[in-house]
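Consider the two complexes below, in which chain A is the common component and chain B and chain C are the respective partners.
Now for the complex of A and B:
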């Protein structure tokens, strides 16, 4: 009974603490019971589902949860806030990272040296925990700490293969993300200087009061925040770290980086824009217009770069840049339809892209092929993997009955609501560009002359283990289900949007 | 006017084939024969289900069904709605589809990858019917995209380099068309606040956005209908597909574009508005070019199926011309030509398939004397060709007659000249084939058995040819009656 009470009262913090605890358990387990690592990582996620279940029940029945850490009420203590937006992110993160983990338990034994396997789970759980922390935090400093944890652990899961490319990519990521966090820290300092508070709500009130005295501080802080989060979220001009990182890292790392990590920063940025900065500020600094322009560039160039890639994972990474552009487009439109589309795309893209990366990983696992041109006829040999890939590709293009269509629909209507027809054209053009680089892969995989194979050597295909195919099937089914019945996720998103605007 | 009744039939005709696709897919591992039977049975049941709507439709009732809500607050609900126009299209589609499926069993028996062919064929049937029975533009768009994307598999079935190339062109154009259509639909939603087909004249104020909407629809549906200058995918994609699939692509799937344009002209906009703003003139001009270009290029083609494909472009031009003239007779002609062309082109393509299977020849110059060796097939081919040219009493004559009447009613005799020229050109490319087949010097040296073609193929060929014959100027003419009712509905504005 008391146990249940504890969960009920403290599920917010237990969620994050359990991830941290489990992650530090890993190095110990790895020494004695190497085989338990994977199981415990899965257990951490299962436990998280319990907490999130409890949280969502409470949010739906009681409304927003304010949790005061250690009983210290804000502005002195750290506060966690679980509102619909946070809940939405928690659900997205936990589900997708769980499926990636299940896939990873097999794939990683193949990709990594056994020595580092346990450490990988440490980093993975740390990253997931930090992301969840970022989703619920309501405090600048806490946010900064979680950002650092996420950055370091993300860097770790990229470099874990310790070959030349991975180390280079992770170093690049480390540098750029240090620049990003540096910017964020600086702007936190600037805001603290004039407001004297670290809690979002209190800081917002303080800033509102002193906005007319220190407009420059706030403007600089906003600019620094923007740069920091744009680096982290890999929006166009500052995206340079992203294509290298997922393409060289192990597939589960790529999936979580492209699918979740870049999204959480957009959400934090969104939270800051609406919760902390006074609305009048946006007249002085047209930050939404800037976001729109950057997102359009990101959408366009991400797709263009993706077309010319030869390596399948690199292509997927460039496609992520374009897709994160959609999310920012939704934020920049700043109306309810557009924002709903943007948030919905976070969820949808998390599913699609992690599915695509996992299927790329499965192809590499089974055949060792990374080059797009070599994938001829693979569809008939690996129907499940290429089936998932096909659904992902369709969702990317926005074919109806896939979830990508729904988010594009919302975004398109959002552009019309905002009377910005140019961006509608961008959405349509980019859908077309998506088709230019996704469909040839699918076509090549399923159709093509089979006669020529006599001369060439057959592609050797390993059997796909169940633990790899099941996550793919679930994600594929998810893409279709949320394409036909989007209302189950829209329930949360609409309330989140209502609350934000 | 009839009343609105809730009926499950519209949903059934769409979802039944789609669900049966799964059954067919799993059955084929057990037995190929069962798969074939199941495919045929599915298409027959679907046809019967469509026909079962007849008694209610003929009373003027409108059948509706609301399946489930996709995004309710945006009015994005999976609604189904069958009025007489939808019924016309659904009826002819399911009928030709049934015959094509029956034909496939013998035709495809020597082809590879049948396990892929049949599920695709049946799934596309469901998606295609879905376009016709959809009750709002969102639902229509979903089925339109599904049909277009899935039929890619039919186009590239042969998997030759040529087919893959044509298929790539097809899929790229399809995506462009789909995006244009999406643009049209969301613009409509933005301007009118609804996309349901219950309404007429949703947009009746001219604005930049409204014109963009109009053009977007023209691109989206015109692409599918093979309208100039968006026809470029058609002559490549249709000939490379297997014969029954080409028959369906040309005979039925092109009509989805025409159907969509009907809905755009009469539901999204309305006649007065389009005439006032003169936007419709864009379509008329394009239709005239389409007619002349399709027919003219067909003359220069020597590949039999390619010639037929270009002919399809010309024939779709008739439909587009008819619907853009807006006079009663012209619209009647356009709708009836949808029926006629489905019969004629369906028949011609499957005849071509039979000829190619039996002789291995695709070049029309090499078909000398074929008429004597394959009499039934060539007689059917002749009937359909004559109908294409517009010889009375065949059905092609009736549609052209009405189109010409409509043009005269609209005070535009110029279009009659266009029709006559194009009929002449049709004669120029169909008659040589026939003359050569029956009276030409025999160039075939290989032996062909006298027993013509397998029964199931023959059955479909004959049925379609007979349809061309009896649905001409005969007193009992169901398609014509249905077309007349649909015309009344459209002209009366009582959609």
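Now for the complex of A and C:
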């Protein structure tokens, strides 16, 4: 069968091309058959599952896949590499974005004007395609292009509601991400100047050879890469765009922004740090210590800021800043246990944070409440949503049997392996702080007295559609399952870590 | 002892890099310190242009010509790869600028001003 052969040989690029193709079909479909847009967006994801299934089967049986775009071999052509790390990101992105999309097909009809609904899927699929491209690319310039696609489409899905907060948040994100990509492109230029290659593997070999002649070039490039990716990943001192963006955007946008978009940049940064830069450089410049300090600040201040928020989505956004700190903590520890914890936290946090944002979105959909104080007594009226929220809150704090516990355990063991006990204290303090801002919501929702005796009318609760409750239930079940049986995802992560270190 | 003449000579030889770094700093400074949103977009463009100049000049060879190879003629050619890449970069920068300007139009519609501090003030008095 030639058709099967084509899929088998080209599934790496077909994965990304199919997303791009479907996303550009949307504007046509939107004019012709408006109601098909959502179905086609889901179809794109189902198609992606087929390709990812093929890829994972090949990675597990044959090892790393090197795909040459257009048949040009690496130093000249663009190369896609699917190793365990890329595969792990592909699985995370496709699963979580699929569930968010299912939720969004109902929620978006409520939040957006019907005119922009079809175009929203264009941006959404572009964003998912660009993130998958970032996960598999092995070429500097290709990486830059995917970063810009991801940035513009992410700004698009923030500003799609086009009310004043959204537009302003989107502009802020666009400016800061322009700084980020600018820094990244400048450092690509610095590395190209001395290495003469754009392919990661070839550039790494060339840089290794000339590192002693041009140490300054490499140092400046490393600094610019770090700034660029830290802005994009919203680590503490450069996080200013994140709280505004998800809190004003539609809930599916917030979920994908906080859950996936900021993670993919940490993975690309990790890839560059370990694959491209020579190891001797890290003796010259303590970049891992800097990452550790920034991540500790991020964990601490993200939690502190989250405590004082009144808006539920804004609080979740600040919590994301704290959680991205854990991922960077894993990178900064630079030993296998810590890195496993960091990567595991990417997967776990993608699940729990998108679940929390979706349940916040479901609360807003059903009742219109955004303020944390108004949520009293809502738990019994919306058991599925608040149940999911409770599981998410428990996972955030890191209670055993939830997936958050496993990744925090690995991170804590990693700090002990690296003999950095201070960061263990940071993890513990942050867990207490997480309790401080998640549990009052849960307790209030289930046991709080709703103030009916004041003559206020009871909160009107709309019925939750099936397409909104099913993703919440699946994500909640996922949080529990991967908390009890983490080995199913650790199989991939441990091999990825083995290959990185 | 630093030989200033030597330093000046080397700076002059690497003039493109020097100018692009100066432009980059100008753009960065404009972008972060000015409160006018249009000026921020202009700053972003200056910064992007500086990076493009830097990238293109990495491929320049002294005395080289465009790499259109004529059989039988021996001469130095410049590296065409950075130029080709920057063509893509310019397209990306144009689309980012267009998007940013459209957002500025929307912000002006909502707030009636282009000043970021004024917008902050309006938002803080309302909420």
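By our rule, the second predicted complex is superposed on the first by the 495 of 501 C-alpha atoms of A that agree within 3 Å, B and C clash if a C-alpha of one lies under 4 Å from a C-alpha of the other, contacts with A are read in each partner's own complex, and residues count from 1 in each chain.
One rule holds for everything that comes next: a residue touches a chain if its C-beta (ideal position, glycine included) is under 8 Å from a C-beta of that chain, and two chains touch if they have at least 3 such contacts.
This is a predicted model, so every value here is computed, not measured.
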{"item": "Touching partner for A:304 - first (chain B), second (chain C), both, neither", "value": "neither"}
{"item": "First, second, both or neither for A:162, with chain B first and chain C second", "value": "second"}
{"item": "Touching partner for A:431 - first (chain B), second (chain C), both, neither", "value": "first"}
{"item": "Which superposed partner A:439 touches (first chain B, second chain C, both, neither)", "value": "first"}
{"item": "Partner chain in contact with A:220 - chain B first, chain C second, else both or neither", "value": "neither"}
{"item": "Touching partner for A:69 - first (chain B), second (chain C), both, neither", "value": "neither"}
{"item": "On chain A, the residue positions that both chain B and chain C contact, one per complex", "value": "none"}
{"item": "Chain A residues touching chain B - in the complex, by the definition given at the top", "value": "394, 397-401, 406, 409, 412-413, 416-417, 421, 424, 428, 431-432, 435-436, 439-440, 443, 447-450, 484-487, 490"}
{"item": "Chain A residues within the chain C interface of the complex", "value": "141, 144-145, 148, 151-152, 155-156, 159, 162-164, 167-168, 170-171, 174-175, 178-179, 182, 185-186, 188-189, 192-193, 198"}
{"item": "Chain C - residues contacting chain A, complex", "value": "24, 28, 31, 37, 40, 44, 47-48, 51, 54-55, 58, 81-82, 85, 88-89, 92, 95-96, 99-100, 103-104, 106-107, 110-111, 119"}
{"item": "Touching residues (chain side chain B, partner chain A) in the complex", "value": "68-72, 74, 76, 141-142, 145-146, 149, 156, 159-161, 164, 167-168, 171-172, 175-176, 178-180, 182-183, 186-187, 189-190, 209"}
